């Protein structure tokens, strides 16, 4: 891997349970290299102080549930586990979305979570 | 106040920095009594274990930013402070939404937050 | 008024409590004539059989609440009254949106409704 | 079934063409028991006066189309039939969403409806 | 085909790489004839001056990415090619959506595009 | 101004009709310096080849209309003019959104545009 990765690339790797180089290779296969690099560019936000990685995973999941982007939710559900969150906590985030994003978004998301978690 | 409030009504009061009765009275003025009571019915979700109030405030704010419901966001920004979050943490939640909800949702929300926080 | 209006223009007028010509003139002032004419072109859907005007107002309001388009909601709240719905029925549609669109969309919409209805 | 179900649980059953106990069991399998119980808690809104069940189905479907939650839409399409709506009326609700939610949301939803209805 | 098609029906055909009659037949199979006719009614907007077809494809794609309507996106990705856009330009539109619609909408859309384009 | 700005900061300035330093100062007043810097970080996407600035403005506007972020739309309407688009072209982008984002999003946006353009 000769591509120079930006500051924060490690954070994207950590979400995916990979090294930064492995993450970039996987995302390049999924999205092409330009979009993959833009995702790596996001990583620096995950390295900011102020929230723990676990907390930032919670807010990322809340947003993905509210928007209904279920494919990307799968990655961040695994990422939250990688950041030390428990299944129970993650399901609690999704359940809370019943209030804010409506019961349809929340229940569609819990089905994704149960599929990812194998429950 | 003779209206019987449901379990969890205290949680709605706590978000608003009021007693449950005061919260119901305020929401009744804003929404009418039926909708206000439905909001009180939500409160039990805020009393569930699994997430701290401060964490649940973070995910509520993430959802409200992602949906662009800026008037309701104002209440929950204050609620997060009431739950022990700092302004810096709340602004960090909103900044993270640049990734997930787009820069327009995030920057419109930070303007609301800065107005609420008086910064 | 020399502009030829499309079939269904009367339906737009009826929502606004105006004649078709008056509605087109008002919308032209608001949106310019091209967009106003596109709105008149929508009218034929309101003239379709299968739902009453009152029922179609209910589903229009449900959609506008779910999308959070509060300025356009104002027009359709008045339109629902013009189609024979009662304030109580309209508020019931909005309250039902707590389930499907989340409490923030629903409560922001009920505030709009109470402003339009003068309650 | 020893779990106590809340007032309104029958309404959730009715949407699903089941008893309340059967509905809770099915939803528990889909979402886990906590989320399933929160769905049962929604049922009381379906029991409110002011709209018929058929009308409330129409506004639920309108919201689900506007939000693009197609999996949950499937359940409510069947629910609307269970509440006495006809296929023609339901398709008319979806067609009306072309105006308010855009042609992409409406046409994606009509494909779901035609799949559910077997047309 | 004896059905009279509205002005602009050719534009819908052009998006789909078909004649207007073929497009109406295909859409009738997908959506039923009433919804298909409403789609044909949209065609006149595609015939308006002010933007090239290629430019209008770009803004249609931007909207579909922002809304997350991935099935309809497939048709318009092909439509943009039919209107003379290149794959590189279309992918650039989607990449730009990372800023405005969030990285989840953009990356889910690029996966659809790469599937359509066979890359 | 001693703050180092990232590659692409000029692009943000150009949207706002300012130098990069002036743009950063203005956005810092609006959003605080951290969020302002994240907006500057977006600028490099505006400098990518593949689309003209005018075309990228069109797709940005399409997305902002589809999402209903009207405050941020104001900035990009002016940005599109700064990128050489005409009012007629911009209004045509918004009118096209009637199809994809629904008439409510489109008509609310055209009101914003007419206010910005002084028409």
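Brief remarks on what is shown
Going in written order, the chains are labelled A, B, C, D, E and F, and every chain counts its residues from 1.
FYI, a residue touches a chain if its C-beta (ideal position, glycine included) is under 8 Å from a C-beta of that chain, and two chains touch if they have at least 3 such contacts.
Bear in mind that the values here come from a model prediction, so they are computed numbers and not experimental data.
Listing every chain that touches chain C and chain D alike gives A, B, E, F.
Taking the mean Cα position of each chain as its centre, D sits at the greatest distance from chain F. Chain A and chain F, compared by their mean Cα positions, are separated by 28 Å.
Averaged Cα coordinates give chain E a centre that lies 24 Å from the centre of chain F. Each chain gets one centre point, the mean of its Cα atoms, and the points for chain D and chain F are 39 Å apart. Each of the following residues of chain D touches two or more other chains: 38, 42, 45, 63-64, 67-68, 91, 95, 98-105. The touching residues of chain F, when paired with chain D in their complex, are 99-105.
Contacts from chain F toward chain E in the complex involve residues 42, 45, 48, 50-51, 55-56, 58-67, 88-89, 91-93, 95-101. Residues 38, 41, 45 of chain C touch chain E in their complex. Within the complex formed with chain C, the chain F residues making contact are 68, 91, 94-95, 98, 102-108, 110-111, 114, 119. Interface of chain A with chain E (complex): residues 30-32, 34-35, 38-39, 42, 63-64, 67-69, 71-73.
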